[in-house]
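Which chain is which? They are A, B and C, in the order written, and residues in each are numbered from 1.
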Amino acid sequence: YLEDVKSQASGQLQAAESRYEAQKKITRVLELEILDLYGRLEKDGRLRKLEEDKAETAE
Amino acid sequence: YLEDVKSQASGQLQAAESRYEAQKKITRVLELEILDLYGRLEKDGRLRKLEEDKAETAE
Amino acid sequence: MTDDSQRNFRSVYYEKVGFRGVEEKKSLEILLKDDPLDIEKLCTFSQRFPLPSMYRALVWKVLLGILPPHHDSHAKVMAYRKDQYSDVLHALTVVRFVNDATPQVEVYLRMYQLESGKLPRSPSFPLEPEDDVFLAIAKAMEEMVEDSVDCYWITRCFVKQLNSKFRDSLPQLPKAFEQYLNLEDSRLLSHLKTCSAVSKLPYDLWFKRCFAGCLPESSLQRYVFSYCIQAAWSLKEFLALMVWDKVVSGSCKILVFVAVEILLTFKMKVMALSSAEKITKFLENIPQDSSDAIVSKAIDLWHKHCGTPVHSA
(Lines give C-alpha, C1' and ligand atoms only; values in the text may rest on other atoms or scores of the structure.)
Protein backbone atom coordinates (compact mmCIF):
# COMPACT_ATOMS: atom_id res chain seq x y z
CA TYR A 1 0.00 0.00 0.00
CA LEU A 2 2.87 2.33 0.83
CA GLU A 3 4.41 1.62 -2.58
CA ASP A 4 1.07 2.45 -4.12
CA VAL A 5 0.94 5.86 -2.46
CA LYS A 6 4.50 6.53 -3.53
CA SER A 7 3.89 5.58 -7.15
CA GLN A 8 0.73 7.65 -7.29
CA ALA A 9 2.60 10.67 -5.96
CA SER A 10 5.44 10.18 -8.41
CA GLY A 11 2.98 10.09 -11.32
CA GLN A 12 1.59 13.46 -10.35
CA LEU A 13 4.97 14.92 -9.57
CA GLN A 14 6.29 13.88 -12.98
CA ALA A 15 3.48 15.67 -14.79
CA ALA A 16 3.97 18.78 -12.65
CA GLU A 17 7.70 18.75 -13.34
CA SER A 18 7.14 18.38 -17.05
CA ARG A 19 4.82 21.40 -17.03
CA TYR A 20 7.56 23.36 -15.25
CA GLU A 21 10.25 22.21 -17.67
CA ALA A 22 8.12 23.33 -20.61
CA GLN A 23 7.77 26.74 -18.98
CA LYS A 24 11.57 26.94 -18.69
CA LYS A 25 11.98 26.09 -22.36
CA ILE A 26 9.44 28.80 -23.16
CA THR A 27 11.45 31.34 -21.18
CA ARG A 28 14.55 30.51 -23.17
CA VAL A 29 12.75 30.90 -26.50
CA LEU A 30 11.26 34.23 -25.43
CA GLU A 31 14.68 35.47 -24.32
CA LEU A 32 16.20 34.62 -27.69
CA GLU A 33 13.33 36.36 -29.43
CA ILE A 34 13.92 39.51 -27.39
CA LEU A 35 17.60 39.54 -28.29
CA ASP A 36 16.69 39.07 -31.90
CA LEU A 37 14.12 41.87 -31.85
CA TYR A 38 16.55 44.28 -30.17
CA GLY A 39 19.06 43.41 -32.86
CA ARG A 40 16.53 44.22 -35.55
CA LEU A 41 15.52 47.48 -33.89
CA GLU A 42 19.13 48.58 -33.67
CA LYS A 43 19.78 47.64 -37.27
CA ASP A 44 16.70 49.59 -38.28
CA GLY A 45 17.86 52.53 -36.19
CA ARG A 46 21.31 52.47 -37.77
CA LEU A 47 19.79 52.18 -41.21
CA ARG A 48 17.58 55.18 -40.65
CA LYS A 49 20.47 57.15 -39.24
CA LEU A 50 22.49 56.26 -42.32
CA GLU A 51 19.71 57.35 -44.65
CA GLU A 52 19.22 60.59 -42.78
CA ASP A 53 22.95 61.26 -42.99
CA LYS A 54 22.93 60.53 -46.69
CA ALA A 55 19.95 62.81 -47.22
CA GLU A 56 21.75 65.58 -45.37
CA THR A 57 24.92 65.15 -47.41
CA ALA A 58 22.89 65.27 -50.60
CA GLU A 59 21.20 68.53 -49.63
CA TYR B 1 4.69 6.57 8.62
CA LEU B 2 2.17 6.50 5.79
CA GLU B 3 1.03 9.98 6.73
CA ASP B 4 4.65 10.98 6.59
CA VAL B 5 5.06 9.75 3.03
CA LYS B 6 1.83 11.43 2.00
CA SER B 7 2.79 14.79 3.45
CA GLN B 8 6.24 14.55 1.90
CA ALA B 9 4.67 13.84 -1.49
CA SER B 10 2.26 16.74 -1.22
CA GLY B 11 5.13 19.01 -0.19
CA GLN B 12 7.08 18.03 -3.29
CA LEU B 13 4.09 18.60 -5.51
CA GLN B 14 3.50 22.00 -3.98
CA ALA B 15 7.14 22.94 -4.55
CA ALA B 16 6.89 21.93 -8.20
CA GLU B 17 3.72 23.97 -8.58
CA SER B 18 5.21 27.09 -7.06
CA ARG B 19 8.31 26.74 -9.25
CA TYR B 20 5.96 26.62 -12.21
CA GLU B 21 4.07 29.70 -11.07
CA ALA B 22 7.29 31.64 -10.61
CA GLN B 23 8.54 30.66 -14.04
CA LYS B 24 5.20 31.61 -15.53
CA LYS B 25 5.50 35.10 -14.08
CA ILE B 26 8.87 35.48 -15.78
CA THR B 27 7.31 34.31 -19.02
CA ARG B 28 4.59 36.91 -18.74
CA VAL B 29 7.12 39.71 -18.30
CA LEU B 30 9.11 38.54 -21.30
CA GLU B 31 5.95 38.29 -23.34
CA LEU B 32 5.03 41.90 -22.66
CA GLU B 33 8.53 42.93 -23.65
CA ILE B 34 8.18 41.07 -26.93
CA LEU B 35 4.82 42.64 -27.70
CA ASP B 36 6.34 46.03 -27.01
CA LEU B 37 9.34 45.39 -29.24
CA TYR B 38 7.14 44.18 -32.07
CA GLY B 39 5.08 47.32 -31.65
CA ARG B 40 8.17 49.49 -31.93
CA LEU B 41 9.49 47.58 -34.93
CA GLU B 42 6.18 47.94 -36.69
CA LYS B 43 5.97 51.62 -35.87
CA ASP B 44 9.47 52.05 -37.22
CA GLY B 45 8.52 50.11 -40.30
CA ARG B 46 5.43 52.25 -40.83
CA LEU B 47 7.41 55.39 -40.14
CA ARG B 48 10.02 54.48 -42.70
CA LYS B 49 7.38 53.52 -45.19
CA LEU B 50 5.75 56.90 -44.62
CA GLU B 51 9.02 58.76 -45.10
CA GLU B 52 9.76 56.80 -48.24
CA ASP B 53 6.33 57.62 -49.62
CA LYS B 54 6.84 61.26 -48.79
CA ALA B 55 10.23 61.24 -50.49
CA GLU B 56 8.66 59.70 -53.58
CA THR B 57 5.89 62.33 -53.66
CA ALA B 58 8.49 65.06 -53.28
CA GLU B 59 10.51 63.83 -56.24
CA MET C 1 -6.91 -10.08 -54.50
CA THR C 2 -7.11 -13.86 -54.44
CA ASP C 3 -9.92 -15.87 -52.90
CA ASP C 4 -7.53 -17.20 -50.36
CA SER C 5 -6.44 -13.88 -48.96
CA GLN C 6 -10.01 -12.68 -48.98
CA ARG C 7 -11.05 -15.65 -46.93
CA ASN C 8 -8.15 -15.09 -44.60
CA PHE C 9 -9.05 -11.45 -44.16
CA ARG C 10 -12.70 -12.21 -43.56
CA SER C 11 -12.05 -14.90 -41.03
CA VAL C 12 -9.70 -12.68 -39.11
CA TYR C 13 -12.24 -9.92 -38.95
CA TYR C 14 -15.28 -11.97 -38.20
CA GLU C 15 -13.23 -13.22 -35.34
CA LYS C 16 -12.14 -9.76 -34.31
CA VAL C 17 -15.40 -7.89 -34.53
CA GLY C 18 -17.94 -10.64 -34.13
CA PHE C 19 -18.72 -12.28 -30.84
CA ARG C 20 -15.09 -12.36 -29.87
CA GLY C 21 -14.93 -8.61 -30.38
CA VAL C 22 -17.59 -8.21 -27.75
CA GLU C 23 -15.74 -10.51 -25.39
CA GLU C 24 -12.54 -8.54 -25.95
CA LYS C 25 -14.23 -5.28 -25.23
CA LYS C 26 -15.58 -6.71 -22.01
CA SER C 27 -12.21 -8.01 -20.93
CA LEU C 28 -10.60 -4.67 -21.70
CA GLU C 29 -13.26 -2.97 -19.61
CA ILE C 30 -12.39 -5.26 -16.73
CA LEU C 31 -8.71 -4.38 -17.15
CA LEU C 32 -9.58 -0.69 -17.16
CA LYS C 33 -11.36 -1.06 -13.83
CA ASP C 34 -8.12 -2.08 -12.13
CA ASP C 35 -6.79 0.62 -9.86
CA PRO C 36 -3.94 1.19 -10.32
CA LEU C 37 -4.08 0.07 -13.95
CA ASP C 38 -1.89 -2.89 -14.79
CA ILE C 39 0.32 -1.53 -17.56
CA GLU C 40 1.72 -4.92 -18.43
CA LYS C 41 -1.71 -6.46 -18.92
CA LEU C 42 -2.81 -3.52 -21.06
CA CYS C 43 0.30 -3.97 -23.19
CA THR C 44 -0.39 -7.64 -23.70
CA PHE C 45 -3.98 -6.86 -24.59
CA SER C 46 -2.95 -4.30 -27.23
CA GLN C 47 -0.40 -6.69 -28.64
CA ARG C 48 -3.05 -9.32 -29.18
CA PHE C 49 -6.20 -7.45 -30.10
CA PRO C 50 -7.13 -4.25 -31.87
CA LEU C 51 -8.27 -1.74 -29.28
CA PRO C 52 -11.91 -0.65 -29.47
CA SER C 53 -11.80 2.94 -30.68
CA MET C 54 -13.72 4.30 -27.70
CA TYR C 55 -10.92 3.20 -25.38
CA ARG C 56 -7.98 3.76 -27.68
CA ALA C 57 -7.00 7.26 -26.61
CA LEU C 58 -7.23 6.29 -22.94
CA VAL C 59 -5.16 3.12 -23.33
CA TRP C 60 -2.57 4.87 -25.49
CA LYS C 61 -2.25 7.70 -22.99
CA VAL C 62 -1.66 5.22 -20.19
CA LEU C 63 0.78 3.09 -22.20
CA LEU C 64 2.72 6.14 -23.35
CA GLY C 65 2.93 7.49 -19.81
CA ILE C 66 0.77 10.56 -20.46
CA LEU C 67 -1.61 9.36 -17.76
CA PRO C 68 -0.40 7.56 -14.64
CA PRO C 69 -1.83 4.18 -13.63
CA HIS C 70 -3.87 5.61 -10.75
CA HIS C 71 -7.40 6.67 -11.67
CA ASP C 72 -7.48 9.21 -8.86
CA SER C 73 -4.63 11.13 -10.45
CA HIS C 74 -6.05 11.27 -13.97
CA ALA C 75 -7.94 14.54 -13.63
CA LYS C 76 -5.06 16.34 -11.97
CA VAL C 77 -2.40 15.02 -14.35
CA MET C 78 -4.54 15.76 -17.39
CA ALA C 79 -4.98 19.33 -16.10
CA TYR C 80 -1.17 19.65 -15.97
CA ARG C 81 -0.95 18.29 -19.52
CA LYS C 82 -3.54 20.80 -20.71
CA ASP C 83 -1.69 23.68 -19.04
CA GLN C 84 1.52 22.61 -20.68
CA TYR C 85 -0.20 22.39 -24.04
CA SER C 86 -1.70 25.86 -23.86
CA ASP C 87 1.46 27.41 -22.36
CA VAL C 88 3.59 26.18 -25.24
CA LEU C 89 0.99 27.05 -27.86
CA HIS C 90 0.60 30.54 -26.45
CA ALA C 91 4.36 31.16 -26.43
CA LEU C 92 4.55 30.16 -30.07
CA THR C 93 1.93 32.70 -31.02
CA VAL C 94 3.79 35.39 -29.07
CA VAL C 95 6.98 34.76 -31.02
CA ARG C 96 4.87 34.57 -34.19
CA PHE C 97 5.77 31.02 -35.07
CA VAL C 98 2.15 30.06 -35.40
CA ASN C 99 -1.05 31.93 -36.10
CA ASP C 100 -4.66 31.10 -36.82
CA ALA C 101 -3.80 30.04 -40.34
CA THR C 102 -1.05 27.58 -39.36
CA PRO C 103 -2.08 23.98 -40.18
CA GLN C 104 -2.70 21.99 -37.01
CA VAL C 105 0.05 19.43 -37.64
CA GLU C 106 2.57 22.21 -38.09
CA VAL C 107 1.44 23.69 -34.79
CA TYR C 108 2.15 20.31 -33.18
CA LEU C 109 5.57 20.23 -34.81
CA ARG C 110 6.52 23.69 -33.54
CA MET C 111 5.32 22.76 -30.07
CA TYR C 112 7.40 19.60 -30.14
CA GLN C 113 10.42 21.54 -31.41
CA LEU C 114 10.06 24.11 -28.65
CA GLU C 115 9.75 21.46 -25.97
CA SER C 116 12.76 19.55 -27.21
CA GLY C 117 14.83 22.71 -27.52
CA LYS C 118 14.98 22.45 -31.30
CA LEU C 119 12.86 25.38 -32.40
CA PRO C 120 14.70 27.00 -35.34
CA ARG C 121 15.47 30.72 -35.30
CA SER C 122 12.82 31.44 -37.87
CA PRO C 123 9.69 29.65 -39.08
CA SER C 124 10.94 30.06 -42.63
CA PHE C 125 13.94 27.77 -42.10
CA PRO C 126 13.71 24.53 -44.09
CA LEU C 127 12.50 21.45 -42.20
CA GLU C 128 14.82 18.64 -41.15
CA PRO C 129 14.08 15.07 -42.28
CA GLU C 130 13.04 14.20 -38.71
CA ASP C 131 10.48 17.00 -38.87
CA ASP C 132 8.91 15.38 -41.91
CA VAL C 133 8.63 12.14 -39.97
CA PHE C 134 6.93 14.00 -37.16
CA LEU C 135 4.50 15.68 -39.56
CA ALA C 136 3.58 12.40 -41.24
CA ILE C 137 2.87 10.76 -37.92
CA ALA C 138 0.99 13.79 -36.59
CA LYS C 139 -1.16 13.83 -39.72
CA ALA C 140 -2.12 10.21 -39.29
CA MET C 141 -2.70 10.74 -35.58
CA GLU C 142 -4.94 13.70 -36.28
CA GLU C 143 -7.27 11.41 -38.20
CA MET C 144 -7.70 9.16 -35.21
CA VAL C 145 -7.54 11.31 -32.11
CA GLU C 146 -10.18 13.97 -31.96
CA ASP C 147 -9.11 16.10 -29.01
CA SER C 148 -6.16 18.31 -29.93
CA VAL C 149 -4.54 18.15 -26.49
CA ASP C 150 -4.67 14.36 -26.61
CA CYS C 151 -3.48 14.36 -30.20
CA TYR C 152 -0.44 16.50 -29.43
CA TRP C 153 0.54 14.49 -26.38
CA ILE C 154 0.07 11.13 -28.08
CA THR C 155 2.03 12.21 -31.16
CA ARG C 156 4.78 13.69 -29.02
CA CYS C 157 5.15 10.58 -26.89
CA PHE C 158 4.78 8.24 -29.84
CA VAL C 159 7.62 9.97 -31.67
CA LYS C 160 9.63 10.05 -28.47
CA GLN C 161 9.12 6.32 -28.08
CA LEU C 162 10.42 5.80 -31.61
CA ASN C 163 13.48 7.90 -30.80
CA SER C 164 14.22 6.42 -27.38
CA LYS C 165 12.79 2.99 -26.70
CA PHE C 166 13.13 1.90 -30.32
CA ARG C 167 16.26 3.87 -31.13
CA ASP C 168 18.44 0.79 -31.16
CA SER C 169 15.94 -1.59 -32.68
CA LEU C 170 14.66 0.55 -35.58
CA PRO C 171 18.00 0.44 -37.43
CA GLN C 172 17.93 -3.37 -37.10
CA LEU C 173 14.59 -3.66 -38.86
CA PRO C 174 15.92 -3.67 -42.46
CA LYS C 175 18.09 -6.66 -41.55
CA ALA C 176 15.14 -8.42 -39.89
CA PHE C 177 13.03 -7.60 -42.94
CA GLU C 178 15.54 -9.35 -45.16
CA GLN C 179 15.66 -12.33 -42.85
CA TYR C 180 11.89 -12.85 -42.69
CA LEU C 181 11.39 -12.17 -46.38
CA ASN C 182 13.96 -14.87 -47.01
CA LEU C 183 11.99 -17.31 -44.84
CA GLU C 184 8.71 -16.45 -46.51
CA ASP C 185 9.86 -16.17 -50.11
CA SER C 186 13.53 -16.54 -50.89
CA ARG C 187 12.97 -16.08 -54.64
CA LEU C 188 11.52 -12.66 -54.08
CA LEU C 189 14.50 -11.69 -51.96
CA SER C 190 16.98 -12.92 -54.58
CA HIS C 191 15.16 -10.89 -57.19
CA LEU C 192 15.53 -7.78 -55.01
CA LYS C 193 19.21 -8.60 -54.56
CA THR C 194 19.73 -9.09 -58.28
CA CYS C 195 18.29 -5.64 -58.89
CA SER C 196 20.40 -4.22 -56.01
CA ALA C 197 17.14 -3.00 -54.58
CA VAL C 198 17.57 -4.34 -51.05
CA SER C 199 19.45 -1.33 -49.76
CA LYS C 200 17.17 1.12 -51.58
CA LEU C 201 13.78 0.03 -50.28
CA PRO C 202 11.65 2.75 -48.61
CA TYR C 203 12.87 1.84 -45.12
CA ASP C 204 12.41 5.38 -43.83
CA LEU C 205 8.77 5.37 -44.76
CA TRP C 206 8.24 1.91 -43.33
CA PHE C 207 10.23 2.01 -40.16
CA LYS C 208 10.71 5.68 -39.27
CA ARG C 209 7.24 6.86 -40.15
CA CYS C 210 5.61 3.56 -39.25
CA PHE C 211 3.85 3.63 -42.62
CA ALA C 212 2.09 6.90 -41.84
CA GLY C 213 0.65 8.11 -45.13
CA CYS C 214 1.78 4.97 -46.91
CA LEU C 215 -0.93 2.37 -46.61
CA PRO C 216 -3.87 3.39 -48.76
CA GLU C 217 -7.25 3.79 -47.15
CA SER C 218 -9.76 4.12 -49.94
CA SER C 219 -9.62 0.47 -50.92
CA LEU C 220 -10.51 -0.44 -47.39
CA GLN C 221 -13.58 1.67 -47.43
CA ARG C 222 -15.76 -0.58 -49.49
CA TYR C 223 -14.21 -3.72 -48.12
CA VAL C 224 -14.23 -3.26 -44.39
CA PHE C 225 -17.12 -0.86 -44.20
CA SER C 226 -19.47 -3.24 -42.47
CA TYR C 227 -16.82 -4.43 -40.06
CA CYS C 228 -15.94 -0.89 -39.14
CA ILE C 229 -19.50 -0.04 -38.29
CA GLN C 230 -19.79 -3.06 -36.07
CA ALA C 231 -16.55 -2.31 -34.33
CA ALA C 232 -17.16 1.44 -34.16
CA TRP C 233 -13.91 2.10 -36.00
CA SER C 234 -13.80 5.06 -38.28
CA LEU C 235 -12.59 4.01 -41.69
CA LYS C 236 -9.62 6.26 -41.65
CA GLU C 237 -8.18 4.99 -38.42
CA PHE C 238 -8.54 1.38 -39.30
CA LEU C 239 -5.29 0.55 -41.04
CA ALA C 240 -2.68 2.47 -39.17
CA LEU C 241 -4.24 1.60 -35.86
CA MET C 242 -4.00 -2.10 -36.31
CA VAL C 243 -0.28 -1.56 -36.50
CA TRP C 244 0.13 1.39 -34.20
CA ASP C 245 -1.62 -0.34 -31.30
CA LYS C 246 1.30 -2.74 -31.41
CA VAL C 247 3.92 -0.01 -31.67
CA VAL C 248 2.47 1.95 -28.76
CA SER C 249 2.36 -1.14 -26.62
CA GLY C 250 6.01 -1.83 -27.23
CA SER C 251 6.60 -3.83 -30.40
CA CYS C 252 8.19 -2.21 -33.40
CA LYS C 253 8.81 -5.59 -35.01
CA ILE C 254 5.28 -5.62 -36.38
CA LEU C 255 6.56 -3.00 -38.86
CA VAL C 256 8.86 -5.60 -40.39
CA PHE C 257 5.98 -7.96 -41.02
CA VAL C 258 3.86 -5.27 -42.62
CA ALA C 259 6.79 -4.59 -44.95
CA VAL C 260 7.24 -8.30 -45.70
CA GLU C 261 3.51 -8.66 -46.30
CA ILE C 262 3.54 -5.73 -48.71
CA LEU C 263 6.26 -7.46 -50.69
CA LEU C 264 4.41 -10.78 -50.66
CA THR C 265 1.14 -9.17 -51.68
CA PHE C 266 2.73 -7.39 -54.63
CA LYS C 267 5.13 -10.18 -55.51
CA MET C 268 4.05 -10.49 -59.16
CA LYS C 269 4.41 -6.79 -59.75
CA VAL C 270 7.76 -6.55 -57.99
CA MET C 271 9.13 -9.60 -59.81
CA ALA C 272 8.23 -7.91 -63.10
CA LEU C 273 10.19 -4.78 -62.27
CA SER C 274 13.86 -4.94 -63.05
CA SER C 275 15.42 -1.83 -61.57
CA ALA C 276 15.87 -0.75 -57.98
CA GLU C 277 14.42 2.69 -58.71
CA LYS C 278 11.23 1.27 -60.19
CA ILE C 279 10.78 -1.14 -57.30
CA THR C 280 11.25 1.57 -54.70
CA LYS C 281 8.95 3.95 -56.49
CA PHE C 282 6.29 1.29 -56.73
CA LEU C 283 6.57 0.43 -53.04
CA GLU C 284 6.31 4.05 -52.03
CA ASN C 285 2.98 4.31 -53.80
CA ILE C 286 1.23 1.05 -53.26
CA PRO C 287 -1.78 0.74 -55.55
CA GLN C 288 -5.04 1.67 -53.91
CA ASP C 289 -7.03 -1.33 -54.98
CA SER C 290 -5.43 -4.47 -53.69
CA SER C 291 -3.87 -4.07 -50.30
CA ASP C 292 -6.89 -4.76 -48.17
CA ALA C 293 -5.57 -7.64 -46.21
CA ILE C 294 -1.98 -6.55 -45.73
CA VAL C 295 -2.25 -5.51 -42.13
CA SER C 296 -4.27 -8.41 -40.86
CA LYS C 297 -2.00 -10.84 -42.71
CA ALA C 298 1.03 -9.05 -41.35
CA ILE C 299 -0.28 -9.53 -37.84
CA ASP C 300 -0.74 -13.25 -38.55
CA LEU C 301 2.79 -13.38 -39.87
CA TRP C 302 4.09 -11.61 -36.81
CA HIS C 303 2.32 -14.07 -34.52
CA LYS C 304 3.60 -16.97 -36.62
CA HIS C 305 7.24 -15.94 -36.33
CA CYS C 306 7.29 -14.34 -32.90
CA GLY C 307 4.53 -16.23 -31.12
CA THR C 308 1.29 -14.84 -29.77
CA PRO C 309 1.74 -12.71 -26.66
CA VAL C 310 0.15 -14.40 -23.67
CA HIS C 311 -2.87 -12.53 -22.43
CA SER C 312 -2.73 -12.96 -18.71
CA ALA C 313 -5.96 -11.19 -17.78
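Keep in mind that, in the parts below, a residue touches a chain if its C-beta (ideal position, glycine included) is under 8 Å from a C-beta of that chain, and two chains touch if they have at least 3 such contacts.
Chain-to-protein mapping (UniProt): C = TBC1 domain family member 7.
Because the structure is a prediction, the values reported are computed rather than measured.
Taken as a graph of touching chains, this assembly is fully connected, with contact between every pair of chains. Looking at A-C and B-C side by side, the one with more C-beta contacts is A-C.
Each chain gets a centre from the mean of its Cα atoms; for chain A and chain B, those two points are 7 Å apart.
Separating the CA-averaged centres of chain B and chain C (TBC1 domain family member 7) is a span of 37 Å. The residues of chain A that reach two or more other chains are 12, 16, 19, 23, 26, 30, 33, listed in rising order. Shown for chain C (TBC1 domain family member 7) are the residues that touch two or more other chains, namely 87, 91, 94-95. By the touch criterion given at the top, residues 4, 7-8, 11-12, 14-16, 18-19, 22-23, 25-26, 28-30, 32-33, 36 of chain A touch chain C (TBC1 domain family member 7) in their complex. Note for the complex: chain B touches chain A at residues 1-2, 5-6, 9-10, 12-13, 16-17, 19-20, 23-24, 26-27, 30-31, 33-34, 37-38, 40-41, 44-45, 48.
Within the complex formed with chain B, the residues of chain C (TBC1 domain family member 7) that make contact are 87, 91, 94-96.
By the touch rule above, chain C (TBC1 domain family member 7) contacts chain A in their complex via residues 36, 68-70, 72-73, 76-77, 80-81, 83-84, 87-88, 91, 94-95, 114-115, 117, 119, 121. Across the interface of their complex, chain C (TBC1 domain family member 7) is touched by residues 24, 27, 31, 34-35, 38 of chain B.
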